[in-house]
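Quick notes on the structure that follows.
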Amino acid sequence: MFSELQPLMAHPDLPSKQDTSQDDKREKDPVQPAPTNLQRAKARFLKGVSYFAGDMSIFAKWMEKQFFLLQLLDWVLRGAAQVMFVNNPLSGLIIFAGLILQNYWWALNGFVGTLFATISALILQQSRGAIAAGLYGYNGILVGLLMAVFSNKGNWYWWLLLPNVFMSMMCPIVSSALASINSRWDLPVFTLPFNILVCLHMVATGHYNHHFPQVLIQPRSELPNITWAEIDVAKLFMSVPVGIGQVYGCDNPWTGGIFIISLFISSPITCAHAVLGSAVGMVSGLALAAPFGDIYFGLWGYNCVLACIAIGGMFYALTWQVHLLAITCAFFCAYLGSAIANIMSSFGLPACTWPFCLSALTFLLITTGTKKIFKLPLAKVTFPEKNLGFYWKLKKQEKKEKAEKEKSESEEQQKAIEEEVILNEKEQLRMALERIEEGRAESEESEGENDETNEEDRAPGAERQETEEEDIRHNDLTSVTSIENV
Amino acid sequence: MFSELQPLMAHPDLPSKQDTSQDDKREKDPVQPAPTNLQRAKARFLKGVSYFAGDMSIFAKWMEKQFFLLQLLDWVLRGAAQVMFVNNPLSGLIIFAGLILQNYWWALNGFVGTLFATISALILQQSRGAIAAGLYGYNGILVGLLMAVFSNKGNWYWWLLLPNVFMSMMCPIVSSALASINSRWDLPVFTLPFNILVCLHMVATGHYNHHFPQVLIQPRSELPNITWAEIDVAKLFMSVPVGIGQVYGCDNPWTGGIFIISLFISSPITCAHAVLGSAVGMVSGLALAAPFGDIYFGLWGYNCVLACIAIGGMFYALTWQVHLLAITCAFFCAYLGSAIANIMSSFGLPACTWPFCLSALTFLLITTGTKKIFKLPLAKVTFPEKNLGFYWKLKKQEKKEKAEKEKSESEEQQKAIEEEVILNEKEQLRMALERIEEGRAESEESEGENDETNEEDRAPGAERQETEEEDIRHNDLTSVTSIENV
Amino acid sequence: MFSELQPLMAHPDLPSKQDTSQDDKREKDPVQPAPTNLQRAKARFLKGVSYFAGDMSIFAKWMEKQFFLLQLLDWVLRGAAQVMFVNNPLSGLIIFAGLILQNYWWALNGFVGTLFATISALILQQSRGAIAAGLYGYNGILVGLLMAVFSNKGNWYWWLLLPNVFMSMMCPIVSSALASINSRWDLPVFTLPFNILVCLHMVATGHYNHHFPQVLIQPRSELPNITWAEIDVAKLFMSVPVGIGQVYGCDNPWTGGIFIISLFISSPITCAHAVLGSAVGMVSGLALAAPFGDIYFGLWGYNCVLACIAIGGMFYALTWQVHLLAITCAFFCAYLGSAIANIMSSFGLPACTWPFCLSALTFLLITTGTKKIFKLPLAKVTFPEKNLGFYWKLKKQEKKEKAEKEKSESEEQQKAIEEEVILNEKEQLRMALERIEEGRAESEESEGENDETNEEDRAPGAERQETEEEDIRHNDLTSVTSIENV
């Protein structure tokens, strides 16, 4: 049932990784008899990096034996980072630092959201591996954060924790339900539970509610005149980190910068696509004549960031075709973002990450004839670098199999040719024998039987032989006795 | 194809029920040699109850042989009750009585809707069992009723019957189409066809239509101030039956009370969850600062009623975990109800039962590791009490199988130990024999053969024997003849 | 993966068609020894028609060997016609003529849209057969046309080509993604990609956008008074071809007339259902009190046209039940059209062909017990006439199989009766033999063995024989020797 949530788990991957490296070693050993100093240094460096980069699987394994509350903290931190598809507690810690830099109250709400979402998943007995990878926490942090961000009661309105806890605890339920549907197409649920639950809360209460009023969002009936002279290039460049910060609802560029660092620690490919996505969003905003304020505020960026990460190496193995696809997806996502923001504003709602979810799901549902766009099975998704390794391994294996197949085919052809030659020789002998036996008529019946079997044997090469038979008839006979042994 | 609609059918269940009871009897007979008077009275009472409670399967069987119009009436009555998941013509009759108490014209429209929906299902050759269980009628009655309730032309506007008949006849088509989709996840269609078709009619015509104008529904731009002093506790308590009445669009508390009775007749568990759901809806309304008028009018209750019934024992087997889940679902449904009502009002639409459908479907899609939350296969769903029986039977069977498995495992272990003992004895005898035969050398070859077979036989216990062999060698020989019989 | 797009391919059908016709000939030959002149003329006429009617599969085969740009033109023309489910380049050519008659700029945009959608499908390496059938082009032409139609910048605003090309190139991506979902229910994607992408573009930019402003569409808050005296019957009749023209966003009745001709060329059944659908839409508009202007403008017709074509013979085999279903679907589609137009106008959007897509998908998802409503497997869908041929062939084969089954059953019965007779005779002989052998007691054992085999042989008829045995005992014996041969 929960196979769709296993992908980002750290534990099951560990043994397979070790196996792989051992296999690789065994294969490599005869080739590389003695590693140079440089290679040794590189290996030592990579091993050092593996302790805190990627999905920190060694740390996760060590964590398994620790005190429960410590484990829970690990899961919460991983959950915080999973918003950006990063399964790394260190990144999560840095992200929380960024959130504190932005706003204490928001950070607290985010933490409460992650915590209760994880606890709810434990109560509902969801897959322990998925919980440990933070896959039940990331919707919680977003729900907590965004409910605080869009609350009209300002900071430190403690009653807000009540719907916050309720909605966070609903996250695993909605996640589980959506996963039942999406797993039919081997698709992840992304941040759909967050989108559903935050929109639910906001539209159920609304701006005029007495207990939980929301920020007033209204549809735009007119756009300000845009003059290119007014553009502020510094702010435009700043919109790239701000766009990344807006994934967590933060408009502080320093917070965005910290998030970039946290991404780089875990996976440079993810980090690069995040920056690229944010830039694409900015450009799309300019192309569609969006107000500069929105662009500076990062509203055009955050969906593209997520879409670009998801397509560019996370759920597809990164080739340059996939890279182009990721950029296309980011453009499509920006377009969609504008459309959804306009529609949602009629109901007083923000766009949330609906544009990212819908565009990424669309691009993951594509089927194509080319092998260069390879969608990883959901259970094998980890982080872009490792995904790439998986893809290369698969490709290598395919190549090997193909080579072996070709080899066996050519061998078979060779064999067939040889057999034909043997059959031709047999035929020659038979003919010679017949000529000899024309003289003496004894033992005819047994000879006839031999004839029949020969007739059957030569079936594959029969057509060619018939034309050759006449020539053969004039050949000489050397060893008649060999016929008896056929 | 229609397996998803079989669940509430009366007929196929009957024989299996009889079989079960017979099986139970056979099993019980040796335990209970003679029932006491009390037991006999209880059995007689239960038999009497079974004639009009539950799904009235005996009545349904008797009905099969009756005149077609009488059968149709049975189906229509069952359809009327199926809105509340009750497959019982008596409940249906009482519900119609409640509707007549509320409004003659509405009751007529409801009847026309149920009738034409059932007829349309017959024309489209849908599953006869599903039709007989009223599964094609309940959307019809809701379509008929609610089109009358929301019509702005007042009562006895006869032209309304035209779209009423058309929409009712579309019910089985939409039901069938939705079932094709939902059956992939083994989910029922609930009242989705009703929601789709009534919203369709209302939004297609709208408030300003000249032929079929609708009641004007507008989004709320401001909420009245709420002072807890103003609360009317009597009305608040009354809102519980009113909420149950609102399932059929009725605001009369007496009608709601009659509906409660009709539920109790068929299934007390359903009845209890209905009341509980309505109460949860009321509390949610207070928590989210809803205007008191809405709460008194039962608008916060009816979706929760349906959601609480559906989760609490109808589609899940009732355990206390499921009971808690049903209450959670009711709270979620109330939240969702407020959200959907706000969104739909932008289009001049009521919330209908969308919140119930969406929340119940979400909670039915959950997958969990615990066995205490057991979702019944859709084809086995009948009514909570019987569902519980099915669940207990399954559990009992599982337990039995487990016990048997354990028993057979322990027996196997016992057997293995015994075999080892026998083999040891054989070995001893063999050794003794060998020692005897050292004296006389005749008939050595046949002995050698016996040896070999012995070697093979003792394979399982071989390892231990090799260490014991030396001790055995010194043992005495008592009966050599027995070897021949081994 | 792309099996859902193969249906309308021309190539794979060709050989099977030839095979069929040869099979038919072979079967017919013995029956019709010499065709009359009339038959010969008819055959020649049908062959001539087949060159330009239907899906022009002979032309498609010839096209395969041509220059690539010529092939691309063929695909674009087929794509233009595929909007109406017509896989015919001649129809596509005529449709482009109709578009040019309407508006040069629109026609250009439509051409650009089709071209780039097809090119994008080639880049994404989609199924070549589907591309060749125009299945990736029809969304492109609609996207191109409607973006031009709804642009507020008027004709010849060249910048519009930029989003036009981008959106057209997104068509195959969205098509492929939707096909992944719809293929689970063996459903086509219809014009959903067009609906999604055009709505996306319109709502993302909106009326007040500086770069790509859209025509202002606002929800209707009041309807004009309708007096039947004001009705213009000529315009009402004209609304039928206008409705067909509105499929491509054209309000010129001549353009609509040209489209009717293009439909008739390929498939008269399609053409008839298109006209019927447009008429149903007009009637529905009158029934629901729509403003006459909308009806004259064809806004009530175009969705019904498409829905009526899709259900009436295209995806279901045309029987009279399916014909009635198609009319029902057209009425439902008109109702839905009004509803969706009202909802979409809140967001400044036109209804596009959402009503057609949703109603046709609903009617294709129906499951029913009757065999008269036969949904063709998607891979076998071509055009109504050929679909009908496929259905008849299938039905004929089924009948044949049934007849054969019945025949073999009756033969078996006959055989069983005969065997019984033989067994009876055997029994008589055995009895007679026994009586004879009472006298002489030799060779009893071998007789006993025979007895046993006889006992086994007569098993099937054993019961009856036992009652007959007594009569048989008094029968006379004539040929004892025959027993030895049994």
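Going by the order they are written in, the chains are A, B and C; count residues from 1 in each one.
Definition applied: a residue touches a chain if its C-beta (ideal position, glycine included) is under 8 Å from a C-beta of that chain, and two chains touch if they have at least 3 such contacts.
Fair warning: this is a prediction, and the values are worked out from it, not measured in the lab.
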item	value
Chain-level touch network, classified as line, ring, star, complete or other	complete
Chain copies touching (chain A, chain B) - same or different residues, decided at half shared	different
Whole-Å gap separating chain A and chain B, where each centre is the average of the chain's CA atoms	38
Touching two or more other chains - residue numbers and ranges from chain C	184, 346
Chain A-facing residues of chain B, complex	184-185, 220-223, 225-226, 287-289, 328, 331-332, 335-336, 338-339, 342-343, 346, 361-363, 365-370
Contact footprint of chain A on chain C as seen in their complex	1-2, 124-127, 166, 170, 173-174, 176-181, 184, 199-201, 203-206, 208-212, 346-347
